[in-house]
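My questions all concern the structure below.
Letters A, B, C and D name the chains as they come in the text, with residue numbers starting at 1 for each one.
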Amino acid sequence: MLRVFRNRPKFATVKVNKEQPKKGLPDNLWKRCDQCASMIYNKELAKTLNVCSECGYHFRISAKERLGLMVDEGSFEPFVPLVSKNPLNFPGYEAKIEKAREETGLDDAIIIGTAKINGFSTVIGIIDFSFMGGSMGSVVGEQLTRGFEYAIEHQLPVVTFSGGGGGARMHEGIFSLMQMAKTSQARGKHHRAGLLYISVLTHPTMGGIYASFASLGDIIIAEPGALIGFAGPRIVEETTRQKLPTGFQTAEFALENGMLDLIVNRSEMKDYIGRLLTYHARDEVV
Amino acid sequence: MLRVFRNRPKFATVKVNKEQPKKGLPDNLWKRCDQCASMIYNKELAKTLNVCSECGYHFRISAKERLGLMVDEGSFEPFVPLVSKNPLNFPGYEAKIEKAREETGLDDAIIIGTAKINGFSTVIGIIDFSFMGGSMGSVVGEQLTRGFEYAIEHQLPVVTFSGGGGGARMHEGIFSLMQMAKTSQARGKHHRAGLLYISVLTHPTMGGIYASFASLGDIIIAEPGALIGFAGPRIVEETTRQKLPTGFQTAEFALENGMLDLIVNRSEMKDYIGRLLTYHARDEVV
Amino acid sequence: MSSSFEWEKPLIELEERIKELKDFIVEQNIDFSAELGELERKADELRKSIYERLTPWQRVLMARHPKRPTTLDYIKMLFDDFIELKGDRTYRDDKAIVGGIGIFNGEPVTVVGHQKGRDTKENIARNFGLPHPEGYRKALRLMKQAEKFGRPIITLIDVVGAYPGIEAEQRGQGLVIAECIEQMSFLRVPILCVITGEGGSGGALAIGVGDRVLMLEHAWYSVISPEMCANILWKDSSRASESASLLKLTPTDLMKFKMIDDVVTEPLGGAHRDHEVTAAQLRASMKRHLAILKKIPIEQLVEQRLERYRQIGHFQEKIITETLSNINNFNDIDSELDCEVDEANE
Amino acid sequence: MSSSFEWEKPLIELEERIKELKDFIVEQNIDFSAELGELERKADELRKSIYERLTPWQRVLMARHPKRPTTLDYIKMLFDDFIELKGDRTYRDDKAIVGGIGIFNGEPVTVVGHQKGRDTKENIARNFGLPHPEGYRKALRLMKQAEKFGRPIITLIDVVGAYPGIEAEQRGQGLVIAECIEQMSFLRVPILCVITGEGGSGGALAIGVGDRVLMLEHAWYSVISPEMCANILWKDSSRASESASLLKLTPTDLMKFKMIDDVVTEPLGGAHRDHEVTAAQLRASMKRHLAILKKIPIEQLVEQRLERYRQIGHFQEKIITETLSNINNFNDIDSELDCEVDEANE
């Protein structure tokens, strides 16, 4: 068996940045809704799970927040943390990684481990957009692969939340591309072992992340309004020189075009996933 | 094993009607091309395999003619002939069958048996439009099913030519509908046995024939201009009250829409099928 | 379409009279119970005699009653929970077919069914329950998902036929119907099909290949709709009531033919008169049949399913009396002959 | 686009001079063979030194040369017979991907590859070799057909990247690329992939998962095209020559990284200078690798294929030095912090 879990004590190495340098500035008290432009009090947003109470817009949340919303309290056990190398000697990559680590307190763009959701054991992986746009390099690829492998070994379902912007991490070049194959194959084995994978597409799920593991869910769910696609809307517009259709590449667009099973509000997500896990439980504890 | 072959002598029961009552009338000497309206001398048509030398229009030919064009001479051995009953007591069905038998010399809308094509043994089934529009009732369904079963037992490829107009034979009601399931399942077993099925769609392949075995070919070929679809063009036009697109439901339309592998002229059909059989030969005699 | 039929009129009139009488009695506070009982007994008799004597065509009309429960209505009544799953992962989510995971009798199952609209607006959105190829693909996707997770499949069939539309043809509905039929036939989970309303041709069969086929009392199932059959036979769709009789499309006929396994009784007057009672009857039949299917080892189940369809057909081996001619002697065939035959068939 | 590059100019000039000289010699009937030999030796040296020192960006331009052989050109040269098979059986025949059955070295194989146009008209018909979802679906259909019949698969890759088009997105190219990658990985037949020209991102990988990956000398393969990389890094596509160097996209780099298995030498000056010689070189490499693959039992082959990709990645386990904080204590997380991070990333 792979050493996927860190040794006990099972503490996270993520450094929760406690400094709040801009404290007192209105930016930190209020936030403008990207969709309806309402000004919303941050404390209010925390209560609504970062969903605009005016228009239902789902703000992006961090992987840590997502984890908090999704798993049974105290049940998360992270995998051994991995850190990136710089296989292409891409100029400035190390510095970028270091900066992202400091800003997010994460080792790379993913939080992954085992957890219980409504009492059901799962492997859960959550991409964090704040870490270099949630792009998939060797670390994200390896962690997801370990996730599926662990799930096969222990006959567990996998749940992922993929909010990766550009998809691939170009600083790792071909190694980043190959993570698409690696994660797809890991899921392929998991699928062939008859196990459940619920893929949740959060804003934005694009590029190599969308074109690999995230598209291979038995059930694919999205949050309302999430941007979902392979090529980014700007590049599509530039290439085709056509006006993009209204709602192009939104979750609603994907649902209409047959690419999603359902769209679920953040507040109902845990309930939906919990029910789906229940209905796929192998011991038939329905 | 099913008794699929008649006892020797392996003669066909088809009655080749030798009387030519209208001999001498111009109708029998000349034929007008449905596509370009050229008048073509019948003797000329026989030489061009019933393809218009002006525009390439493929006239419908009988199953017997098709057999002659496709199989190695003297190699055809027909299955035991079957005849229809009238399970619904549908008024006039027996008379219709009797009339069709007399006019075509066939027992029902199919000729089926084993034959060699370019030296390769196959099961070959050919629908004849002239027999009640080439519709599939119990006899056609059973014969095709026996064909696939015989092919499984002897590890043979199957080749069909399906030119059935309405598809289902409504006089047999639900029994006709169920032939779609029966033939699809027979092919399903043949497919799962790893065997090759080449389905050739000739003018017209519609309805229940198209929506069952004929669509389940590993390779689907059509003759140029053949009408291919489920619902007939007249009913589509009546229902939607829209002008049909140019070339709607032609082979060329199906090819463009991804439903066909290739379109092959009648004169090249035997060569194509022969090569495909060669490339799928199990003994690797390439 | 009105929500009561011509043949129901005497009954509806009697029912109204009884209601008036009752109101009067309550108002006047008179004891009329004996007379009232007699009246209601008569109404019952009338109901029975009307619905026992329905013609096949009347049954077709019953199956199309605008207030008849639709697939989503049944899903709501039959399942304890239901999560709808959408999309074919290829082209579009077709609203004419719905599907998802439902909890039936405490157990997860996959459900797919045709979905007609319950009003004009919904009918337009759902194309009157007539699927495009993507609808069949969605159904197939969900059924294969059911197979992966070992869930039984329940299909609810209610479609007048395949959709004669340009796009449906363009995107290959014939091909996808064939794929559905073929793949359903080999799925390694129990499949229970229910014809709840209309069972028209390939559109019905595409999700209709199963281990047991149940049928509601006022449903129909045939290779062709009565209208289209009349159109072909007599070039006159209005003679559908005649062709409906010829096609032997009622549950009674189909039971006799062994094409279906159970007829689910509807409340007197039809399913639209009492959705809940209809669902309860259906649930009981489904429960009974599913329990039997679940006991059969899966290899055997699939074998039985294939054997069921293998046996369908009415034919006999030909007794050879005619002069034999060697079919291999192709040169004997006169191509002129075929021209005549072609003409005869135009 | 001109059919000769800036850096070729000195060479082309020299080649022209030699040709003139030869013509003169023939005309005058003088014996100048020694001098001519010397000149041609010099031209050879010049060629070598030019093509050995090509920058990565120049290599990308070579891979895009309008006279470079396309997939159908290779198919004609590599196979003894070829029957093209079209269509995805779902939506359309995508001309940007071609496929079929070819006879390679006396044996049937399934071939699929991107097909660029050989002139403007063909480029429009073939969308410059940029597939829509139906193209990938056709490829997958043919590869599964190959698996059924136990035929090896050969893919010929030449695509700048996935197509950033409205319809390609609408019909789910991300999803279908994922499906291709996943399903190819488990196919129970040998798969030989050849990057003949451009190997751009998901568009290439969709038909690029195999047991052996060969690459032509002047081909490139990367997660992103140099132009798009420059666009992201410096908001300036014209700096593609710089990003091309950063991306390590040449066969030399990729051999070092063990991402490919063989580099197929092109004629001096590039494949477009001699199609037949290029094809002969490629054929030899394909033959060699296919012979090896065919000897490996299929179970083992698929295992090795999966293991090949399983091993790809550069990372290390983190040495834990920081203060540990319990990640399960969610209440510690201040949502205000994340807002900052979001802003930093816009």
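Structural remarks
By our rule, a residue touches a chain if its C-beta (ideal position, glycine included) is under 8 Å from a C-beta of that chain, and two chains touch if they have at least 3 such contacts.
Remember, predicted model here, so these are calculated numbers, not experimental data.
Remark: among chain pairs B-D and A-D, A-D carries the greater number of C-beta contacts. Averaged Cα coordinates give chain C a centre that lies 52 Å from the centre of chain D.
Distance between chain B and chain D, defined via averaged C-alpha coordinates, is recorded as 44 Å.
In this assembly, the C-alpha centroid of chain A lies 30 Å from the C-alpha centroid of chain D. Counting partner chains per residue, chain B has residues 191, 257-259 touching two or more of them. In chain D, the positions touching at least two other chains are 89-91, 171-172, 175.
In terms of inter-chain touching, the protein chains here follow a pattern that is not a line, ring, star or complete graph.
Which chains touch which is summed up as A-C, A-D, B-C, B-D, C-D.
The part of chain C that touches chain D in the complex is made up of residues 89-91, 133, 137, 171-172, 175. For chain C in complex with chain A, the touching residues are 81, 83-94, 101, 103, 106-108, 134, 138, 145, 148-149. Chain A meets chain D in the complex at residues 6, 9, 11-18, 20, 22, 27-28, 31, 42, 45-46, 50, 60-62, 64-65, 67-68, 73-76, 78, 80-88, 90-91, 103-104, 107, 111, 129-130, 133, 138-139, 141-142, 145, 165-166, 168, 170, 172-182, 184-189, 191-192, 206-208, 210-216, 228-232, 235-236, 238-240, 242, 244-245, 248-249, 253-254, 257-259.
By the touch criterion stated above, chain C contacts chain B in their complex at residues 162-166, 168-175, 177-179, 181-183, 185-186, 201-202, 205, 209, 221-224, 228-229, 232, 246-249, 254, 257, 259, 306, 309-310, 312-318, 320, 322-328, 330, 332-342, 344-345. Interface of chain A with chain C (complex): residues 191, 194, 196, 218-219, 255-262, 272, 275-276, 279-280, 284, 286.
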